[in-house]
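You will see two complexes here that share chain A, one where it goes with chain B and one where it goes with chain C.
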Partner chain A sequence: MTLEKLGTVPLYGVGARVRVRRAAPLGHIRTPFYIRGHAGVVERICGAFPNPEELAQQRDGLPAQPLYRVRFRQKDVWPGYRGGASDVIELEIFQHWIE
Partner chain B sequence: MRKETGSYQPYSYFQLMEISLRELLVEKGVVTEDAIAGAMAAMRERGPERGAAMVARAWLDPAYKARMLADGSRAAEELGFEVPGLRLIVVENTSDTHNVIVCTLCSCYPRMLLGLPPEWYKSRPYRSRVVREPRKVLAEFGTKIPPKVQIRVHDSNADMRYMVLPLRPAGTERWSEERLAGLVTRDCLIGVALPQIPKKPKSRKS
Partner chain C sequence: MIERGHHDMGGLPAGKVRRTEHAYDDWELRVDAMMMLLIGVVGDSKRMTVDELRKNVEALAPADYDKMGYYDRWVISLTQTMIQRGVITSDDLARKLAQVQRRGLSPISRRQRTKGR
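== the complex of A and B ==
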(Lines of atoms letter the chains of each structure in order from A and count residues from 1; the text may use other names and numbers.)
(Lines give C-alpha, C1' and ligand atoms only; values in the text may rest on other atoms or scores of the structure.)
Protein backbone atom coordinates (compact mmCIF):
# COMPACT_ATOMS: atom_id res chain seq x y z
CA MET A 1 0.00 0.00 0.00
CA THR A 2 1.70 3.18 -1.10
CA LEU A 3 0.83 6.76 -0.41
CA GLU A 4 0.75 7.50 -4.13
CA LYS A 5 -1.89 4.86 -4.87
CA LEU A 6 -4.15 6.10 -2.13
CA GLY A 7 -3.66 9.73 -2.91
CA THR A 8 -3.34 10.53 0.80
CA VAL A 9 -0.87 13.33 1.25
CA PRO A 10 1.18 13.48 4.42
CA LEU A 11 0.98 17.02 5.76
CA TYR A 12 4.12 16.77 7.88
CA GLY A 13 7.67 15.88 6.96
CA VAL A 14 10.44 14.21 8.95
CA GLY A 15 11.67 16.64 11.60
CA ALA A 16 8.39 18.54 11.82
CA ARG A 17 7.19 19.42 15.31
CA VAL A 18 3.66 18.11 15.82
CA ARG A 19 1.18 18.02 18.68
CA VAL A 20 -1.18 15.13 19.42
CA ARG A 21 -4.83 16.15 19.77
CA ARG A 22 -6.17 16.19 23.28
CA ALA A 23 -9.50 14.47 22.81
CA ALA A 24 -11.38 11.54 24.29
CA PRO A 25 -13.68 10.07 21.65
CA LEU A 26 -15.28 6.71 22.31
CA GLY A 27 -14.33 3.60 20.37
CA HIS A 28 -11.24 1.67 19.36
CA ILE A 29 -8.52 4.32 19.57
CA ARG A 30 -4.86 3.52 18.90
CA THR A 31 -3.61 6.81 20.39
CA PRO A 32 -2.82 6.12 24.05
CA PHE A 33 -4.18 8.59 26.59
CA TYR A 34 -0.74 9.32 28.03
CA ILE A 35 0.48 10.95 24.83
CA ARG A 36 -2.59 13.04 24.01
CA GLY A 37 -1.85 16.77 24.15
CA HIS A 38 1.93 16.27 23.94
CA ALA A 39 4.26 17.63 21.26
CA GLY A 40 7.06 15.72 19.55
CA VAL A 41 9.05 15.51 16.35
CA VAL A 42 8.29 13.32 13.31
CA GLU A 43 10.98 10.63 13.20
CA ARG A 44 9.73 8.86 10.07
CA ILE A 45 6.62 8.37 7.95
CA CYS A 46 5.53 4.74 8.17
CA GLY A 47 3.14 4.81 5.22
CA ALA A 48 -0.63 5.10 5.13
CA PHE A 49 -3.01 2.70 6.86
CA PRO A 50 -6.78 2.35 7.07
CA ASN A 51 -8.15 4.25 10.04
CA PRO A 52 -8.41 1.68 12.88
CA GLU A 53 -11.29 3.57 14.47
CA GLU A 54 -13.30 2.98 11.29
CA LEU A 55 -12.11 -0.61 10.83
CA ALA A 56 -13.37 -1.41 14.32
CA GLN A 57 -16.83 -0.33 13.17
CA GLN A 58 -16.73 -2.75 10.20
CA ARG A 59 -16.08 0.09 7.74
CA ASP A 60 -13.23 0.20 5.22
CA GLY A 61 -11.18 2.87 7.01
CA LEU A 62 -10.51 4.69 3.76
CA PRO A 63 -9.05 7.07 2.83
CA ALA A 64 -6.02 5.61 4.58
CA GLN A 65 -4.38 7.92 7.07
CA PRO A 66 -0.67 8.72 6.94
CA LEU A 67 1.00 7.17 9.97
CA TYR A 68 3.90 8.96 11.61
CA ARG A 69 6.53 7.76 14.01
CA VAL A 70 6.75 10.62 16.50
CA ARG A 71 9.53 11.05 19.06
CA PHE A 72 8.70 12.71 22.39
CA ARG A 73 11.05 13.73 25.18
CA GLN A 74 10.32 11.67 28.27
CA LYS A 75 10.64 14.66 30.58
CA ASP A 76 7.92 16.43 28.57
CA VAL A 77 5.61 13.43 28.79
CA TRP A 78 5.98 12.45 32.44
CA PRO A 79 6.12 15.10 35.17
CA GLY A 80 9.05 14.34 37.44
CA TYR A 81 10.57 11.82 34.98
CA ARG A 82 13.62 10.25 36.57
CA GLY A 83 16.13 9.21 33.98
CA GLY A 84 18.42 10.74 31.39
CA ALA A 85 17.44 14.17 30.08
CA SER A 86 17.87 12.82 26.56
CA ASP A 87 15.55 9.82 27.07
CA VAL A 88 12.73 9.62 24.53
CA ILE A 89 9.58 7.66 23.81
CA GLU A 90 8.31 7.00 20.30
CA LEU A 91 4.79 6.21 19.17
CA GLU A 92 2.84 5.83 15.96
CA ILE A 93 0.42 8.70 15.49
CA PHE A 94 -2.17 8.83 12.71
CA GLN A 95 -2.46 12.12 10.85
CA HIS A 96 -6.01 12.73 12.03
CA TRP A 97 -4.69 12.73 15.61
CA ILE A 98 -2.26 15.56 14.89
CA GLU A 99 -3.37 19.15 15.29
CA MET B 1 -21.11 -16.50 42.96
CA ARG B 2 -21.88 -20.22 42.91
CA LYS B 3 -19.39 -22.32 44.76
CA GLU B 4 -17.71 -24.87 42.50
CA THR B 5 -16.83 -28.28 43.78
CA GLY B 6 -13.95 -30.54 42.85
CA SER B 7 -11.30 -29.40 40.39
CA TYR B 8 -13.75 -28.27 37.73
CA GLN B 9 -13.19 -24.65 36.73
CA PRO B 10 -15.85 -22.86 34.70
CA TYR B 11 -14.70 -21.11 31.55
CA SER B 12 -14.05 -17.41 31.83
CA TYR B 13 -16.12 -14.99 29.79
CA PHE B 14 -13.46 -14.61 27.10
CA GLN B 15 -12.66 -18.33 26.94
CA LEU B 16 -16.33 -19.01 26.40
CA MET B 17 -16.52 -16.34 23.71
CA GLU B 18 -13.47 -17.81 21.92
CA ILE B 19 -14.92 -21.33 21.98
CA SER B 20 -18.33 -20.15 20.77
CA LEU B 21 -16.82 -18.13 17.92
CA ARG B 22 -14.49 -20.96 16.90
CA GLU B 23 -17.30 -23.53 16.88
CA LEU B 24 -19.51 -21.21 14.86
CA LEU B 25 -16.79 -20.63 12.27
CA VAL B 26 -16.21 -24.37 11.94
CA GLU B 27 -19.94 -25.08 11.78
CA LYS B 28 -20.43 -22.52 9.02
CA GLY B 29 -17.48 -23.90 7.08
CA VAL B 30 -15.38 -20.71 7.28
CA VAL B 31 -12.44 -22.63 8.77
CA THR B 32 -11.78 -26.23 9.69
CA GLU B 33 -10.56 -27.66 13.00
CA ASP B 34 -7.48 -28.90 11.14
CA ALA B 35 -6.68 -25.43 9.80
CA ILE B 36 -6.92 -23.97 13.33
CA ALA B 37 -4.73 -26.71 14.79
CA GLY B 38 -2.24 -26.19 11.97
CA ALA B 39 -2.07 -22.44 12.52
CA MET B 40 -1.56 -22.96 16.26
CA ALA B 41 1.21 -25.49 15.65
CA ALA B 42 2.92 -23.12 13.20
CA MET B 43 2.73 -20.32 15.76
CA ARG B 44 4.26 -22.50 18.46
CA GLU B 45 7.05 -23.48 16.08
CA ARG B 46 8.14 -19.91 15.42
CA GLY B 47 10.63 -18.64 17.95
CA PRO B 48 13.15 -15.88 18.53
CA GLU B 49 15.79 -17.91 16.65
CA ARG B 50 14.60 -16.14 13.50
CA GLY B 51 15.28 -12.69 14.91
CA ALA B 52 18.59 -13.93 16.32
CA ALA B 53 19.65 -15.14 12.88
CA MET B 54 18.92 -11.70 11.43
CA VAL B 55 20.97 -10.01 14.15
CA ALA B 56 23.96 -12.32 13.64
CA ARG B 57 23.87 -11.69 9.89
CA ALA B 58 23.68 -7.92 10.48
CA TRP B 59 26.69 -8.08 12.82
CA LEU B 60 28.75 -9.77 10.10
CA ASP B 61 27.43 -8.06 6.99
CA PRO B 62 27.17 -4.22 7.07
CA ALA B 63 25.27 -4.17 3.77
CA TYR B 64 22.64 -6.54 5.20
CA LYS B 65 22.45 -4.41 8.34
CA ALA B 66 21.76 -1.31 6.24
CA ARG B 67 18.99 -3.14 4.38
CA MET B 68 17.56 -4.41 7.68
CA LEU B 69 17.41 -0.92 9.19
CA ALA B 70 15.77 0.39 6.01
CA ASP B 71 13.15 -2.39 5.72
CA GLY B 72 12.97 -5.00 8.47
CA SER B 73 10.31 -7.18 6.83
CA ARG B 74 12.24 -7.46 3.59
CA ALA B 75 15.41 -8.32 5.51
CA ALA B 76 13.52 -11.15 7.25
CA GLU B 77 12.33 -12.47 3.89
CA GLU B 78 15.88 -12.27 2.58
CA LEU B 79 16.85 -14.95 5.12
CA GLY B 80 13.93 -17.10 4.03
CA PHE B 81 11.51 -16.22 6.85
CA GLU B 82 7.94 -15.79 5.74
CA VAL B 83 6.40 -12.84 7.55
CA PRO B 84 3.05 -12.13 5.86
CA GLY B 85 1.54 -8.86 6.97
CA LEU B 86 4.43 -7.93 9.23
CA ARG B 87 5.65 -4.32 8.98
CA LEU B 88 8.89 -4.56 10.90
CA ILE B 89 11.04 -1.66 12.06
CA VAL B 90 14.45 -2.69 13.42
CA VAL B 91 15.92 -0.25 15.94
CA GLU B 92 19.65 -0.27 16.52
CA ASN B 93 21.39 -0.11 19.87
CA THR B 94 24.62 1.90 19.82
CA SER B 95 27.11 2.95 22.47
CA ASP B 96 24.91 6.06 23.00
CA THR B 97 21.41 4.60 22.61
CA HIS B 98 19.47 1.71 24.11
CA ASN B 99 16.09 0.67 22.67
CA VAL B 100 13.26 -1.17 24.38
CA ILE B 101 9.92 -2.32 22.97
CA VAL B 102 6.46 -2.34 24.53
CA CYS B 103 2.83 -2.31 23.46
CA THR B 104 0.95 -0.23 26.02
CA LEU B 105 -2.47 -0.78 24.43
CA CYS B 106 -2.43 -4.57 24.14
CA SER B 107 0.39 -7.00 23.31
CA CYS B 108 1.54 -6.21 19.74
CA TYR B 109 4.71 -8.16 19.08
CA PRO B 110 6.45 -9.37 15.90
CA ARG B 111 5.00 -12.89 16.32
CA MET B 112 5.72 -13.80 12.71
CA LEU B 113 9.37 -13.43 13.57
CA LEU B 114 9.74 -14.02 17.32
CA GLY B 115 6.85 -16.38 18.05
CA LEU B 116 4.57 -15.91 21.03
CA PRO B 117 5.34 -13.05 23.42
CA PRO B 118 6.32 -13.90 27.00
CA GLU B 119 3.65 -13.50 29.67
CA TRP B 120 5.37 -10.51 31.30
CA TYR B 121 5.32 -8.63 27.99
CA LYS B 122 1.52 -8.81 28.07
CA SER B 123 1.26 -7.90 31.76
CA ARG B 124 -0.07 -4.57 32.95
CA PRO B 125 2.92 -3.82 35.20
CA TYR B 126 5.40 -4.09 32.29
CA ARG B 127 3.19 -2.22 29.84
CA SER B 128 2.43 0.65 32.20
CA ARG B 129 5.83 0.97 33.89
CA VAL B 130 8.39 0.59 31.10
CA VAL B 131 7.12 3.74 29.38
CA ARG B 132 7.48 5.96 32.44
CA GLU B 133 10.35 4.41 34.35
CA PRO B 134 12.28 2.39 31.77
CA ARG B 135 15.59 2.46 33.64
CA LYS B 136 14.02 1.01 36.77
CA VAL B 137 12.23 -1.73 34.85
CA LEU B 138 15.38 -2.60 32.88
CA ALA B 139 17.35 -2.78 36.14
CA GLU B 140 14.79 -5.28 37.42
CA PHE B 141 15.64 -7.42 34.39
CA GLY B 142 19.30 -7.08 35.42
CA THR B 143 20.05 -4.59 32.66
CA LYS B 144 21.76 -1.46 33.98
CA ILE B 145 21.97 1.31 31.42
CA PRO B 146 24.53 4.07 32.20
CA PRO B 147 22.90 7.51 32.77
CA LYS B 148 24.67 9.02 29.76
CA VAL B 149 23.13 6.46 27.39
CA GLN B 150 19.84 7.60 25.87
CA ILE B 151 16.91 5.25 26.32
CA ARG B 152 14.38 5.05 23.53
CA VAL B 153 11.11 3.39 24.42
CA HIS B 154 9.10 2.23 21.41
CA ASP B 155 5.38 1.88 21.93
CA SER B 156 4.07 -0.36 19.14
CA ASN B 157 0.65 1.20 19.42
CA ALA B 158 -0.54 0.92 15.81
CA ASP B 159 0.50 -0.89 12.61
CA MET B 160 4.26 -1.34 12.87
CA ARG B 161 6.14 -3.99 14.86
CA TYR B 162 9.59 -3.57 16.37
CA MET B 163 12.73 -5.55 17.02
CA VAL B 164 15.97 -4.41 18.66
CA LEU B 165 19.33 -4.91 16.96
CA PRO B 166 21.61 -5.26 20.00
CA LEU B 167 25.26 -4.24 20.10
CA ARG B 168 27.67 -7.01 19.27
CA PRO B 169 29.55 -7.86 22.46
CA ALA B 170 33.29 -7.31 22.57
CA GLY B 171 35.33 -10.50 22.49
CA THR B 172 33.28 -12.13 19.74
CA GLU B 173 35.66 -11.34 16.90
CA ARG B 174 36.10 -14.31 14.54
CA TRP B 175 32.96 -15.99 15.90
CA SER B 176 30.82 -17.84 13.38
CA GLU B 177 27.39 -16.56 12.42
CA GLU B 178 25.75 -19.50 14.16
CA ARG B 179 27.69 -18.98 17.37
CA LEU B 180 26.86 -15.25 17.35
CA ALA B 181 23.16 -16.02 16.87
CA GLY B 182 23.33 -18.19 19.99
CA LEU B 183 24.05 -15.06 22.06
CA VAL B 184 20.87 -13.30 20.97
CA THR B 185 17.98 -14.18 23.25
CA ARG B 186 14.34 -13.21 22.97
CA ASP B 187 14.84 -10.63 25.73
CA CYS B 188 17.72 -9.03 23.78
CA LEU B 189 15.38 -8.60 20.81
CA ILE B 190 12.76 -6.89 23.02
CA GLY B 191 15.47 -4.74 24.58
CA VAL B 192 15.23 -5.80 28.22
CA ALA B 193 18.53 -7.71 28.09
CA LEU B 194 21.94 -7.43 26.46
CA PRO B 195 23.77 -10.31 24.77
CA GLN B 196 26.06 -11.96 27.31
CA ILE B 197 29.07 -14.10 26.55
CA PRO B 198 28.67 -17.19 28.71
CA LYS B 199 31.32 -17.30 31.40
CA LYS B 200 33.64 -20.25 31.01
CA PRO B 201 32.92 -22.79 33.71
CA LYS B 202 35.84 -23.10 36.08
CA SER B 203 37.61 -26.31 35.27
CA ARG B 204 40.63 -27.83 36.96
CA LYS B 205 42.55 -28.11 33.72
CA SER B 206 42.56 -24.45 32.62
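== the complex of A and C ==
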Protein backbone atom coordinates (compact mmCIF):
# COMPACT_ATOMS: atom_id res chain seq x y z
CA MET A 1 0.00 0.00 0.00
CA THR A 2 1.48 3.33 -0.97
CA LEU A 3 1.49 6.45 1.16
CA GLU A 4 -0.12 8.46 -1.63
CA LYS A 5 -3.13 6.19 -1.81
CA LEU A 6 -3.76 6.39 1.91
CA GLY A 7 -2.85 10.03 2.30
CA THR A 8 -0.84 9.28 5.44
CA VAL A 9 1.99 11.67 6.07
CA PRO A 10 5.00 10.23 7.93
CA LEU A 11 6.15 12.40 10.84
CA TYR A 12 9.79 11.34 10.57
CA GLY A 13 12.21 11.32 7.64
CA VAL A 14 15.14 9.10 6.76
CA GLY A 15 18.01 9.82 9.16
CA ALA A 16 15.79 11.11 11.96
CA ARG A 17 16.74 9.97 15.45
CA VAL A 18 13.72 8.34 17.06
CA ARG A 19 12.93 6.56 20.29
CA VAL A 20 10.61 3.58 20.66
CA ARG A 21 7.91 4.12 23.27
CA ARG A 22 8.31 2.22 26.50
CA ALA A 23 4.88 0.79 27.09
CA ALA A 24 3.33 -2.57 27.89
CA PRO A 25 -0.31 -2.43 26.85
CA LEU A 26 -2.53 -5.48 26.52
CA GLY A 27 -3.62 -6.76 23.12
CA HIS A 28 -1.59 -7.89 20.13
CA ILE A 29 1.61 -5.86 19.98
CA ARG A 30 4.15 -6.07 17.15
CA THR A 31 6.88 -4.02 18.83
CA PRO A 32 9.22 -6.48 20.55
CA PHE A 33 9.72 -5.98 24.26
CA TYR A 34 13.51 -5.79 23.97
CA ILE A 35 13.50 -2.71 21.76
CA ARG A 36 11.05 -0.59 23.76
CA GLY A 37 12.69 2.51 25.16
CA HIS A 38 15.67 2.34 22.79
CA ALA A 39 16.73 5.05 20.35
CA GLY A 40 17.76 4.51 16.74
CA VAL A 41 17.82 6.17 13.34
CA VAL A 42 15.21 5.89 10.59
CA GLU A 43 16.83 3.85 7.82
CA ARG A 44 13.83 3.95 5.47
CA ILE A 45 10.11 4.48 5.35
CA CYS A 46 8.54 1.16 4.35
CA GLY A 47 5.11 2.55 3.52
CA ALA A 48 1.90 2.75 5.50
CA PHE A 49 -0.10 -0.25 6.62
CA PRO A 50 -3.29 -0.89 8.56
CA ASN A 51 -2.51 -1.06 12.26
CA PRO A 52 -1.94 -4.75 13.17
CA GLU A 53 -3.07 -4.09 16.75
CA GLU A 54 -6.50 -3.27 15.30
CA LEU A 55 -6.49 -5.94 12.57
CA ALA A 56 -5.95 -8.53 15.30
CA GLN A 57 -9.25 -7.44 16.89
CA GLN A 58 -11.35 -7.67 13.71
CA ARG A 59 -11.23 -3.93 13.04
CA ASP A 60 -9.94 -2.32 9.84
CA GLY A 61 -6.78 -0.76 11.28
CA LEU A 62 -7.36 2.54 9.46
CA PRO A 63 -6.02 5.14 9.17
CA ALA A 64 -2.92 3.25 8.09
CA GLN A 65 0.19 3.87 10.15
CA PRO A 66 3.52 4.71 8.54
CA LEU A 67 6.02 1.91 9.09
CA TYR A 68 9.69 2.73 9.57
CA ARG A 69 12.75 0.55 9.41
CA VAL A 70 14.80 1.78 12.33
CA ARG A 71 18.47 1.02 12.79
CA PHE A 72 19.78 0.52 16.32
CA ARG A 73 23.33 -0.09 17.50
CA GLN A 74 23.62 -3.59 18.92
CA LYS A 75 25.74 -2.36 21.80
CA ASP A 76 22.98 0.07 22.76
CA VAL A 77 20.35 -2.68 22.78
CA TRP A 78 22.16 -5.53 24.54
CA PRO A 79 24.02 -4.93 27.79
CA GLY A 80 27.52 -6.41 27.57
CA TYR A 81 27.32 -6.91 23.77
CA ARG A 82 30.60 -8.47 22.67
CA GLY A 83 30.34 -8.06 18.89
CA GLY A 84 31.71 -5.21 16.80
CA ALA A 85 31.02 -1.63 17.87
CA SER A 86 29.50 -0.85 14.48
CA ASP A 87 27.08 -3.83 14.50
CA VAL A 88 23.46 -2.83 14.01
CA ILE A 89 20.02 -4.36 14.29
CA GLU A 90 17.10 -3.12 12.21
CA LEU A 91 13.46 -3.42 13.17
CA GLU A 92 10.28 -2.30 11.54
CA ILE A 93 8.34 -0.05 13.91
CA PHE A 94 4.95 1.54 13.38
CA GLN A 95 4.72 5.30 13.83
CA HIS A 96 2.45 5.15 16.85
CA TRP A 97 5.22 3.29 18.71
CA ILE A 98 7.68 6.11 18.11
CA GLU A 99 8.05 9.23 20.23
CA MET B 1 0.66 -5.63 34.85
CA ILE B 2 1.99 -7.97 32.19
CA GLU B 3 5.34 -6.47 31.23
CA ARG B 4 6.35 -8.96 28.58
CA GLY B 5 4.24 -11.59 26.84
CA HIS B 6 5.47 -15.18 27.09
CA HIS B 7 5.85 -15.37 23.29
CA ASP B 8 7.90 -12.16 23.19
CA MET B 9 11.17 -13.93 23.88
CA GLY B 10 13.65 -12.01 21.72
CA GLY B 11 16.97 -11.71 23.55
CA LEU B 12 16.23 -14.27 26.26
CA PRO B 13 18.71 -17.10 26.81
CA ALA B 14 17.94 -20.10 24.60
CA GLY B 15 19.45 -23.32 23.35
CA LYS B 16 21.17 -23.83 20.04
CA VAL B 17 19.11 -23.23 16.91
CA ARG B 18 18.98 -26.22 14.57
CA ARG B 19 19.67 -24.81 11.15
CA THR B 20 18.76 -27.85 9.08
CA GLU B 21 15.61 -28.24 6.98
CA HIS B 22 13.09 -30.87 7.98
CA ALA B 23 10.15 -32.51 6.23
CA TYR B 24 6.61 -31.56 7.19
CA ASP B 25 3.90 -34.03 8.11
CA ASP B 26 0.81 -34.17 5.92
CA TRP B 27 -1.35 -32.54 8.59
CA GLU B 28 1.10 -29.64 8.88
CA LEU B 29 0.88 -29.01 5.14
CA ARG B 30 -2.91 -29.08 5.45
CA VAL B 31 -2.86 -26.52 8.25
CA ASP B 32 -0.62 -24.29 6.16
CA ALA B 33 -2.96 -24.63 3.18
CA MET B 34 -5.99 -23.88 5.34
CA MET B 35 -4.34 -20.73 6.64
CA MET B 36 -3.48 -19.53 3.12
CA LEU B 37 -7.15 -19.97 2.15
CA LEU B 38 -8.50 -18.30 5.30
CA ILE B 39 -6.34 -15.17 5.00
CA GLY B 40 -7.01 -14.98 1.26
CA VAL B 41 -3.42 -15.37 0.04
CA VAL B 42 -4.96 -18.14 -2.07
CA GLY B 43 -8.53 -17.85 -3.33
CA ASP B 44 -11.07 -15.05 -3.02
CA SER B 45 -12.44 -15.50 0.47
CA LYS B 46 -10.82 -13.62 3.31
CA ARG B 47 -12.05 -15.05 6.60
CA MET B 48 -9.41 -13.74 8.98
CA THR B 49 -6.17 -11.80 9.22
CA VAL B 50 -2.70 -13.07 10.03
CA ASP B 51 -2.82 -10.66 12.98
CA GLU B 52 -5.70 -12.62 14.50
CA LEU B 53 -3.65 -15.79 14.03
CA ARG B 54 -0.80 -14.19 15.95
CA LYS B 55 -3.09 -12.83 18.65
CA ASN B 56 -4.53 -16.26 19.35
CA VAL B 57 -1.11 -17.93 19.26
CA GLU B 58 0.02 -15.40 21.84
CA ALA B 59 -3.02 -16.22 23.97
CA LEU B 60 -1.89 -19.84 24.45
CA ALA B 61 -0.98 -20.79 28.00
CA PRO B 62 2.82 -20.58 28.37
CA ALA B 63 3.19 -24.29 29.17
CA ASP B 64 1.16 -25.23 26.07
CA TYR B 65 3.02 -22.69 23.93
CA ASP B 66 6.34 -24.25 24.91
CA LYS B 67 5.44 -27.84 24.20
CA MET B 68 3.62 -27.17 20.93
CA GLY B 69 5.21 -27.08 17.50
CA TYR B 70 4.68 -24.31 15.00
CA TYR B 71 1.65 -25.86 13.28
CA ASP B 72 0.14 -27.11 16.53
CA ARG B 73 -0.06 -23.45 17.54
CA TRP B 74 -1.49 -22.50 14.17
CA VAL B 75 -4.26 -25.07 14.15
CA ILE B 76 -5.38 -24.14 17.67
CA SER B 77 -5.22 -20.46 16.83
CA LEU B 78 -7.06 -20.57 13.53
CA THR B 79 -9.79 -22.69 15.13
CA GLN B 80 -10.15 -20.13 17.95
CA THR B 81 -10.38 -17.42 15.32
CA MET B 82 -13.12 -19.23 13.41
CA ILE B 83 -15.08 -19.52 16.68
CA GLN B 84 -14.53 -15.83 17.48
CA ARG B 85 -15.70 -14.87 14.01
CA GLY B 86 -18.76 -17.08 14.17
CA VAL B 87 -17.73 -19.25 11.22
CA ILE B 88 -18.08 -22.26 13.51
CA THR B 89 -19.33 -22.64 17.08
CA SER B 90 -17.69 -24.48 19.96
CA ASP B 91 -20.62 -26.87 19.79
CA ASP B 92 -20.01 -27.60 16.08
CA LEU B 93 -16.40 -28.33 16.90
CA ALA B 94 -17.16 -30.59 19.85
CA ARG B 95 -19.65 -32.61 17.83
CA LYS B 96 -17.30 -32.94 14.87
CA LEU B 97 -14.40 -34.04 17.07
CA ALA B 98 -16.59 -36.67 18.72
CA GLN B 99 -17.69 -37.88 15.29
CA VAL B 100 -14.11 -38.17 14.10
CA GLN B 101 -13.16 -39.99 17.27
CA ARG B 102 -15.93 -42.54 16.74
CA ARG B 103 -14.81 -43.06 13.18
CA GLY B 104 -11.32 -43.93 14.37
CA LEU B 105 -8.05 -42.74 12.92
CA SER B 106 -8.03 -41.60 9.31
CA PRO B 107 -5.53 -43.30 6.97
CA ILE B 108 -3.38 -40.17 7.14
CA SER B 109 -3.23 -39.98 10.92
CA ARG B 110 -2.65 -43.73 11.15
CA ARG B 111 0.32 -43.37 8.84
CA GLN B 112 1.68 -40.51 10.91
CA ARG B 113 1.20 -42.34 14.16
CA THR B 114 3.33 -45.24 12.94
CA LYS B 115 5.91 -42.84 11.54
CA GLY B 116 6.23 -41.19 14.95
CA ARG B 117 7.14 -37.56 15.48
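Following the convention adopted for this analysis, the second predicted complex is superposed on the first by the 99 of 99 C-alpha atoms of A that agree within 3 Å, B and C clash if a C-alpha of one lies under 4 Å from a C-alpha of the other, contacts with A are read in each partner's own complex, and residues count from 1 in each chain.
Criterion: a contact is a pair of C-beta atoms (placed from the backbone, for glycine too) under 8 Å apart; a residue touches a chain by one contact, two chains touch by 3 or more.
In this text, all values refer to a predicted model and were calculated from it rather than measured experimentally.
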*asked:* Output check: A:Phe94 vs chain B and chain C. Expected answer is one of first, second, both, neither. What do you get?
replied: first
Larger residue footprint on chain A, choosing between chain B and chain C, goes to B
- Query: Which partner does A:Leu26 reach: the first (chain B), the second (chain C), both, or neither?
  - Reply: second
Item to complete: Give one of first, second, both or neither to describe whether A:Leu67 is in contact with chain B, with chain C, with both, or with none.
Response: first
Touch check for A:Trp78: first (chain B), second (chain C), both, or neither?
both
With both complexes overlaid on chain A, does A:Ala56 touch chain B (first), chain C (second), both or neither? second
On chain A, the footprints of chain B and chain C overlap at residues 32, 34, 52, 78
Listed in rising order, the residues of chain A that touch chain B in the complex are 30-32, 34-35, 46-47, 49, 52, 67, 69, 71, 74, 77-78, 81-84, 86-94
Given the complex, residues on chain C that touch chain A span 1-5, 8, 10-11, 49, 51-52, 54-55, 58, 84-85
Interface with chain C, chain A side, in the complex: residues 24, 26-29, 32-34, 52-53, 55-58, 78
Listed in rising order, chain B residues that touch chain A in their complex are 87, 89, 104-105, 131-136, 147-160
